[in-house]
C-alpha cells in the first residue's frame, strides 16, 4: 500500500530524472554541431541578438556553399543555441549540457568576459575547442587553457592608440575623467585607460565606478562637470552609455574629447543618440570600413558587409562580425585539419596564421588573438569614421563634443 | 555651485521617483500586496508612449490621456480575475503570484519588443535651461511638473470623490470600512487599477528621460520599494517625501562617496528606516 | 520520527544513487538540485516554521561564496574554509537576526531583500579583497578528471544536504521547532508564555543562513570564478520560496519535493521554450498557486488515484 | 502596615505615554499575596495598559514596578512570564493550529526553563482537566467555542505556575451560565492561593469574587479599597458606575 506522501515524492523524483534523461537528438552523419550559449533573456539580451546574427549569417553562407569540407566530404553546419538568462552559472551549466547531452562538436564561448571565463573551465575539461567571440579581458586567458581561443585582442590595444591620437591631435587636453561600469569588461578597460593616460602625462582628475543598474547619473555628471576635464572617458554597455550621454546633454556638458566604449560601435547607439553622438570617439576590434582580403568564406571585408546588409538591412558592428568570424575560423581550422577530431582541430586553430575579413588572425600561446590592430573611430555626420590605423583611415580627428 | 546643482538635480529626480513609486505605494497600502509587476507596468507605459510617438506622432502628453484608462482597465481586470482569488492568503502567496505575473509580462515584452534599448527623442529636442551655472533639462522639468500634477490629481481623487474616500477608509481600517458598508472587493480592484494607471502614466513620463527596455523594470521596482519605505506607505505626501529623500541621498552619496556607493547607501538607509522608523517619514503605523 | 521525515531521508538517499544513472551533466544538475534543496530546507526554518518571509537566501549564499573564496585564495584548505564559512554565517546571521526580526510581514521581507543589495554592493566595492566587479578567481581544488571532479562536488553537496535535512528534522521535532511554530501562530502569546522569541527567531535566522552559506562556499570552489552579480542574484532568494510554496510550507519533505519538482519543470521548460521560458514558468507558478494553494504535500495519493480511475 | 510584608506587586508612580497620549498617570498601587483585586474603570481608562506595563509589553515611561521583591520595570515580557506573572487576554490568543493540549503544554514548557516535554504534557492534562477541557485535549484550538477558548487561556496561564495572575475580561462575550462557571473557576484559583488581578466589567462578578477594588479613570487611580467602600465613592460613581447603579445599589441594601 502506498503512503499518500509517496505520491509527491515519486512524482517529483520522476520529473527531476526525466529532465536530464531527455534523449538528445541523434547526431546525423553529415552535420557539424556548434554549441552557442547566449544570454537570450536577461540584461544582456541585446548582445545575444547581435551575436546570433553573426553566427546565423556564417552558418547560412557555409551551408549555401554546400557545407564544410572535411577531407573531401561536405558537412552541413548546425548551431545549437541555448539561453543562459544572462546568468553566469547557467552559462556553465548549459556549456556542459551542450557538450554531454546535445553532442556538439565545437563550442562558441558565452557572451562577455565573465561568462566566457567561467564556461571555459568546462570546455577545457572536456577538451572541446572553443572560440570566445566577445571576451577581451586578459583575465580570461591567463589561465592558459589549451582549448580556448578568443577573437578580441587585450583591452590595452584599444586604449593605447586612442591615447596616442588624442595626445597628438589635441595638445590642450590635460585633464581626464574616467567613469566605469562596475563590471568585468568595462572596469578592466577603464583601468587600462587610467594606466595609459598616466603613462602619457595626462592628469586623471576623476576615476569612479558606477553600480550596474544605475538609473540616474546626474549627480555624478555634475561633479565631473565641476572638475572641468577636457577628456571624458566613459565605459559600459550600450544602455548605460545612452543614458549617460543623454544626461550629459541635459547638463550641458561640453568637452573637447568624449570617448565611450563600447556603445558607439553599434548602429543603434548612433541612431538612438542622434545629434548627441556627434564627435564621440571610440575604439573597437573591427570596423566595416576595414579592407582586408580574407581567405575565409566571406573573402573581402566589403563582401562581408554586403552580405550582412542584404540579410539584416543594417551595417554590421564588431560584435556581429566577431561572431561570424569565429564561425569562419572554425571552418578554416576544420578544413585545414581535414578531420572532426577535436584535438586536431584545436591544433589547427593554434597554428592558424591567416588573413580574414576580420583581419589577420594568429592566436598567442594563451589562446588570445595577437595579430589585430583595432581601429579607433569617431562619429562624424552620423557615421563612424576611422581615424586609425592609417591604412584604413577615413578622416581626421575632430575636437569638441557638445 | 556644485552643491546647488546637485540639490536641484535631486529635487527634480525626487519628483520622478515619487511618480514611479506612488502607484506601488497605493496598492501596498490598500490591498496589503507587494506588487512586483509594478516595474513592468512602467516599462509597458514607456513602450506605449514610444510607440504612439514613433508610429502615430502622438506626443507623450496626449499618450497620458489614453494610457491612464487603458492601464486602469488592465489592472482592474487583473485584480478581479486573478489577484482577488488569493487576496486573503499570506503575504508570500500574493507576492509570489505577482512575481509570476511579472515573469509573464516581462517575457512577453522581451518577445514582442526585443530587449534592445529604445529611446523616445522628441524633435526638436527640448534642451535645457540654465540660470547662472545651474542647469535644468526641460524634459525633466516637464515630466516633473506632470508627475506633480498626477500626484495632485490622485490626492484630489482620494480626498474629494466617494470612491477615493472609500479607498482611504479601507487603507486605514479594513474592518471598519466593511462595517461602514464599503464594498471592499471592488475597492481593491479600483485601487489596483489606479495603481496600474499611475504606473502606466509614470512609464509614459519616464520614456522621455530613460532608455526603454523590458530590462529596466527591476530598477524601477527597486526605486519604488525604497521610496515607499522611506516616505511611508500609501500616502501621496509620503511618496513625495520618500522620493526626495532618496534622490538627495543618492546625489550626495555619489558626489562624496562615489557613484558606486550611492546605491549601497540608499539600501542601508532603507534598512535603518525599517528598523528605527517603519512608518516612514510621513506615514503612520499601519499594516505590518 | 514521523513518516514524512522518514520519507524525506529515503528520498535523499535515493538521490545519492544518481551517479549510477547519468554522467557528468546529470551530476551537475544533481549538484544544483541538492543545492536548491538545501536552500529550500533552510528557508523553511525561518519562512515555514517561524513564518517570517525572508528574502535573505541570496545574501547568505553570496557571502558564503565570498568568504570561502577568499579563504581558499589565502591557502586555507577547503574543509577548513567551509567550516569557517559555516560558523561565520551562523554567528553573523544570529546577530543580524536579532535586529531585523523585530520587523514583521512585508517590512521584514523588504529588509531581508535589502540585505542582498547591501552585501552585493559592499562586496562589489571592496575591490582589494574581492576583486569587485572583476570577480574573484578561485584556484582549482583538484586536477582530477571530469567525472571524479563532478562526483566529488556532487557528493559534497549531497552530504551537506543530508546534514541540513538532519538538522532541520531535529529542529522540527525539538523544543526549538515547537517554539518557532508558536511564534508563527501567535507571537504575542508566545512571548507571554515565557518564550524568548528574539532568541528563537535569531537562531532560526542563523540556521537558515549557515547551510546556505556553506553551499555557497562549495559552489565557489566548484565553479572557480564568482562575481557579485552572479552569487547575489535575487533569484536565489525567490526560487526557494516558490519551491516551498509548491511543495507545502513548513514541511521538510514538502519543500524538498517542491525543490526537485521546480528544478525539473525549469529544466524541461528551459530546454523546450528558449524564447518564452520565463513566461511559461510564470504561468506554472500562477496555476500552482491558484489550484494547489497548500502545495504538493496536500495532494493525497488516493486523490490522484481516484482521478486516474475516472479518467 | 502588616499587609506590606505580604506584598507581591508594587507600582510606584508609574506613567506610560503613547506619543502625546498619557495612558497611565502616576499610578501607585500595591497588591498583596492571596488577594483578588478587581481593576475597574471605563473603556480607555488604562486598565489593559497597566497589565501590559507590568508584563513588559509596553514598559513604563516613568516609575518603578517591583514584583516579589524584584525591580521588573525594564524586564522583557518572556522574563516577566518566567518570574511568575501570567495573564489571559481580553481577546483570546491561542496558538490556533495547535491542539488544546499543545497550547497548554507550550505554556508549561516555555515558562519554566528545564521543563521536559513529557512532564509539560502531563501537567497540561491536569490543567485542562481543572478548567473542564479534558475532552477537548486533542481538538484544534481554532475550532473551540469562545467560552472554551477563554478557559483554554486560563489553563495556559495556570500551566505557567503563576504567582500573580492577570485576568483580562475573562467573562466578556459569555452567556450567564458560562459566566457562572468561570466565576466558580476563579474562586477555585483564589482558594489555591494564587494572587489575582482581574479586569472586569460585570460588577456582579467583581463584587462576588474580589477582596479589593481599584478604579482607573483617564489613566489615574481614583479609588482603591474594600469593594463596599469603593462602589459608594462619589468619584467612582461619577466616572464609571453612573448614578443609576448607585441608586439601585442603595435601594437594594
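The chains carry the letters A, B, C and D, assigned in the order they are written, with residues numbered from 1 in each.
Convention: a residue touches a chain if its C-beta (ideal position, glycine included) is under 8 Å from a C-beta of that chain, and two chains touch if they have at least 3 such contacts.
If you're wondering where the values come from, they're calculated on a predicted model, not measured in any experiment.
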Item to check | Pair sharing more residue contacts (C-beta pairs) when C-D is set against A-B | outcome: A-B
Checklist entry - What chain is most central when centres are computed from CA atoms? => result C
Checklist entry - Comparing centres built from CA atoms, which chain ends up most distant from chain B? => result D
Checklist outcome for this item: Expressed in whole Å, how far the mean CA point of chain A lies from that of chain D is 74
Next on the checklist: What's the distance between the Cα centroids of chain C and chain D, rounded to whole Å?
Outcome noted: 44
Checklist entry - Which integer distance in Å separates the CA centroid of chain A from that of chain B? => result 36
Item to check | Chain centre separation (chain B, chain D; CA means) in Å | outcome: 48
Next on the checklist: Two or more other chains touching the same residue: where does that happen in chain C?
Outcome noted: 121, 124-125, 275, 277-278
Checklist outcome for this item: Multi-partner residues in chain A (2 or more other chains touched) are 41, 182, 209, 211
Checklist entry - What pattern do the touching chains form: line, ring, star, complete or other? => result other
Checklist entry - So which chains end up touching which? => result A-B, A-C, B-C, C-D
Checklist outcome for this item: chain D partner, complex, touching residues on chain C are 175, 178-179, 181-182, 185-186, 188-197
Checklist entry - Of all residues in chain B, which touch chain C in the complex? => result 28, 32, 34, 82, 85-86, 89-93, 95-97, 99-104, 106-108, 111, 222, 225, 229, 260-261, 263-264, 267-268, 270-271, 274-275, 278, 287-288
Checklist outcome for this item: So, in the complex, the side of chain C touching chain B is made of residues 47, 51, 53, 99-100, 102-107, 109-111, 113-115, 117-118, 121-122, 124-125, 238, 241-242, 245, 249, 275-279, 281-286, 289-290, 293
Checklist entry - Which residues of chain C touch chain A in the complex? => result 3-4, 7, 10-11, 14-15, 21-26, 28-29, 32-33, 121, 124-125, 132-135, 137, 146, 149, 219, 223-225, 227, 229-230, 233, 235, 247, 253-254, 257-258, 260-261, 263-265, 267-268, 270-271, 274-275, 277-278, 296-297, 299-302, 304
Next on the checklist: Taking the touch rule as given, give the residues of chain D at its contact with chain C in the complex, in rising order.
Outcome noted: 55, 57, 76-78, 81-82, 86-87, 89, 93-98, 102, 106-107, 109-112, 117, 156, 159-160
